[in-house]
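Can you read through this structure? Questions will come right after.
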Amino acid sequence: MTTLNGILIRQLRRELLLAYRRRGDALTPLLFFIIVITLFPLGISPEKVLLQQFGAGALWIAALLASMLSLQRLFTTDHGNGVLEQLLVTPCPLSFLLATKLMAHWLSSGLPLVFLSPLLAEPFGLEWSTYPALVAGLLLGTPVLLIIGAISAALTVGLRGGGLLLTLLTLPLYVPVLIFGTGAVMAVSRGMSAAPHLSLLGAMCLVSLTFGPWLTALALKISLD
Amino acid sequence: MNEARLLARGLAVSRGRRQLFRDIDIELSSGDALHVTGANGSGKTTLLRILCGLTQADSGQVFWRGENYGQSPEPLHGELAYLSHHNALYGDLTARENLALAPALNPTPAAITGILNRLSLKAQADLPTRVLSQGQCRRIALCRVLLQQATLWVLDEPLNSLDSGSQTLLESLLDQHLENGGMAVLTTHQPLSLAGAGQILCLDSEVAG
Amino acid sequence: MIEFLNMGGYGAYVWSAYGIGFVVLLANVRSARAYYRKQLARAIARRQDSNT
Amino acid sequence: MRIWLPLQRLVSARYFFEFSSRILPWLGWVTLLILLTGLGWGLFYAPTDYQQGESYRIIFIHVPSAWMSMFAYMVMAGCSAIFLIWRIRIMDLFATSTAPIGASFTLIALATGSLWGRPMWGTYWVWDARLTSELILLFLYFGVMALRAAIDEPRRQGRAVALLTLLGVVNIPVIHFSVEWWNTLHQPASITKAAAPSIHLSMLIPLLLMALGFTLLYLYMALQRTQGAIIEQEIDSTWLQERLSNNTIETEGGTGK
């Protein structure tokens, strides 16, 4: 009746159309990202030598918090209007549908962070040489952040106070990504290569991409049982 | 591919220490309709969700075309249209977009327009569904069920917020579905007059099982 | 004895460390057994109701 | 894949209850004995450390509790895996009982760690790799307990918390590695790695005794709490009512420390 990739393509088109209709929503995590970054110099110090010390950390912490903010949008609307239930009743395996959904969500919330961060790195006195490490780190790191967050979001879907609980569940698991992401930029700024950090981030990214959709599907089936 | 039959044997579910129902047996072949009745909270929705393979009964099995689908409901899902209390519509998308991009179907634009006209939703076709009334949204959800051309319909309170005109329309749609070999399991509080001899299953505890 | 309590000048740290450990573990033991007894009492009360 | 044996689940609840009612009193006394000897040995008998003087004696509570905080999480993850796969209700109850105990051991490890660091490093909290990992482990415990508290339906609660626990246990080595690596990068020269003194026999024995004592204490508390959970869950079951009628259950439930 309907081919597998027919369903997936339609799912992707629907997610992107929704993101487009709701593009105001996609802006909020980016604005949040910018605001959080500007807090760091205000809170710590505007001097260049200090900025260079905590610039990478500030960028990564802001990216991490911004991606967590957008997690709440992931399942709450679909749970509320009953679309999640319909996804469970399609012949196509849930993990494929969720993989498409997560990809669409990453395109609308993760990728913009990756492109925005070099523009904001400059005020932090990060030299040009560190930009590739920053962008590569975010490119590999944001999918990991998204998938860890998606599993927690699936576990807490429909719970009262789910938003706050979501942050408590995801933040401790974000620590390795933060450490290696920031480490990559700091390594380059010290003249060392960022290869070890990026390869570790890459490994985490691969593991998350292979097991993430299946685990999210399992978590959703538990929540919607 | 053996012929379409829905079978349930000895279904039992309890929530905490309260037993909702037990020893429920269901047998539906093409052209049959099962009308599940019972007070609120008697487990009607849970039974429907079990039949859809969305949840597991505490004990008992469910078969579709002779295959037990308790663990792997994918084969059934290819031939199932499920309408729950929610209409599964996005408020930001228009009725047409919701139907065009719904998860389980691949209708042509002409089919969408046809079905929307048939359920007198012509004027609302291109409005975001958040501005429509509950009754109109329910009819759009019914359009989705029709477009799916599924063998088995599982409808949870399909008449919710429908006016009497739409109710008679739904009855005729159901009759037509049953005539060309379809099956349906539905729950309603209002009386439903179907052409064929529909089976009745009451879930109130003193009667059940 | 005083010498022992003094712990070579580190008495404050050593004893507060063991104090915290003792308090937290004791609280855990007591709460586990209180929970057990509470459920037992409920079960016995439930049985008496059902008998009478 | 799922072995759906309701009988197996029922039996295991009852068998588990019988088993632990029998061993609990003994376990309580044995734990008390081991803890007292270990404590006595460590505090009185073990020689003074040439480098740190008497403050090193805190290791007899810090190291075992740090070890227990990890051990408890691993046991909880094991129970969660078994519960997710075979749906044995006891495993869920045991994992539920383990969480607060594991969190308590982590708290003790953190408190005693900072108290031990104070005389040497002059500050209560030092961003040392072990203490930082321990802190993150505490957050994982809080996450598990918070999710369990947030979900009311028993059907969803057990499996959701089990999945979160497994997600956590997979991440623990990654977190440890990254924090270790992060620490070596930012390691200020002053804090020497040799915080733990070279253990020789007369110190090792009390340490192992305390570790064994803590393990048994954890088992005692977890079994006791699981007993309560079994009664709560099986309150209307016939086998429990029989047990109550011929009141073979001691109301004391074993003494212990």
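Order of writing sets the chain letters: A, B, C and D. Residues in each chain are counted from 1.
Criterion: a contact is a pair of C-beta atoms (placed from the backbone, for glycine too) under 8 Å apart; a residue touches a chain by one contact, two chains touch by 3 or more.
These numbers were taken from a predicted model, which means no experiment stands behind them.
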| item | value |
| --- | --- |
| Set of chains whose contacts include both chain D and chain B | A |
| Centre-most chain, if every chain is reduced to its averaged C-alpha atoms | A |
| Selected interface, C-D versus A-D, where C-beta contact pairs are more numerous | C-D |
| Chain of greatest Cα-centre distance to chain A | C |
| Centroid distance [mean C-alpha coordinates] between chain D and chain A, Å | 33 |
| Centre-of-Cα separation between chain C and chain B, whole angstrom | 56 |
| Euclidean distance of C-alpha centroids - chain A vs chain C, Å | 44 |
| Approximate Å spacing (C-alpha centroids) for the pair chain C, chain D | 15 |
| Per-residue multi-chain contacts in chain A, two or more chains | 225 |
| Junction residues of chain D, two or more chains touched | 236 |
| Chain D-facing residues of chain C, complex | 4, 7-11, 13-14, 16-18, 20-21, 24-29, 31-33, 35-40, 42-44, 46-47, 50 |
| Footprint of chain A on chain D - complex, ascending | 136, 139-140, 142-143, 146-147, 150-151, 155-156, 159-160, 163-164, 167-168, 171, 174-175, 177-179, 181-182, 185 |
| In the complex, chain B residues that touch chain A | 52-56, 74-75, 77-80, 82, 84-93, 97, 100-106, 149 |
| Touch list for chain D against partner chain C, complex | 39, 43-44, 48, 53-55, 57-58, 61-62, 65, 97, 100-101, 104, 107-108, 111-112, 115-116, 118-119, 217, 220-222, 224-225, 227-229, 231-232, 235-236, 240-241, 244-245, 249, 251, 253, 256-257 |
| Chain B contact footprint on chain A (complex, rising order) | 1-2, 6-7, 10-11, 13-14, 17-18, 21-22, 77, 80-83, 85-93, 97, 224-225 |
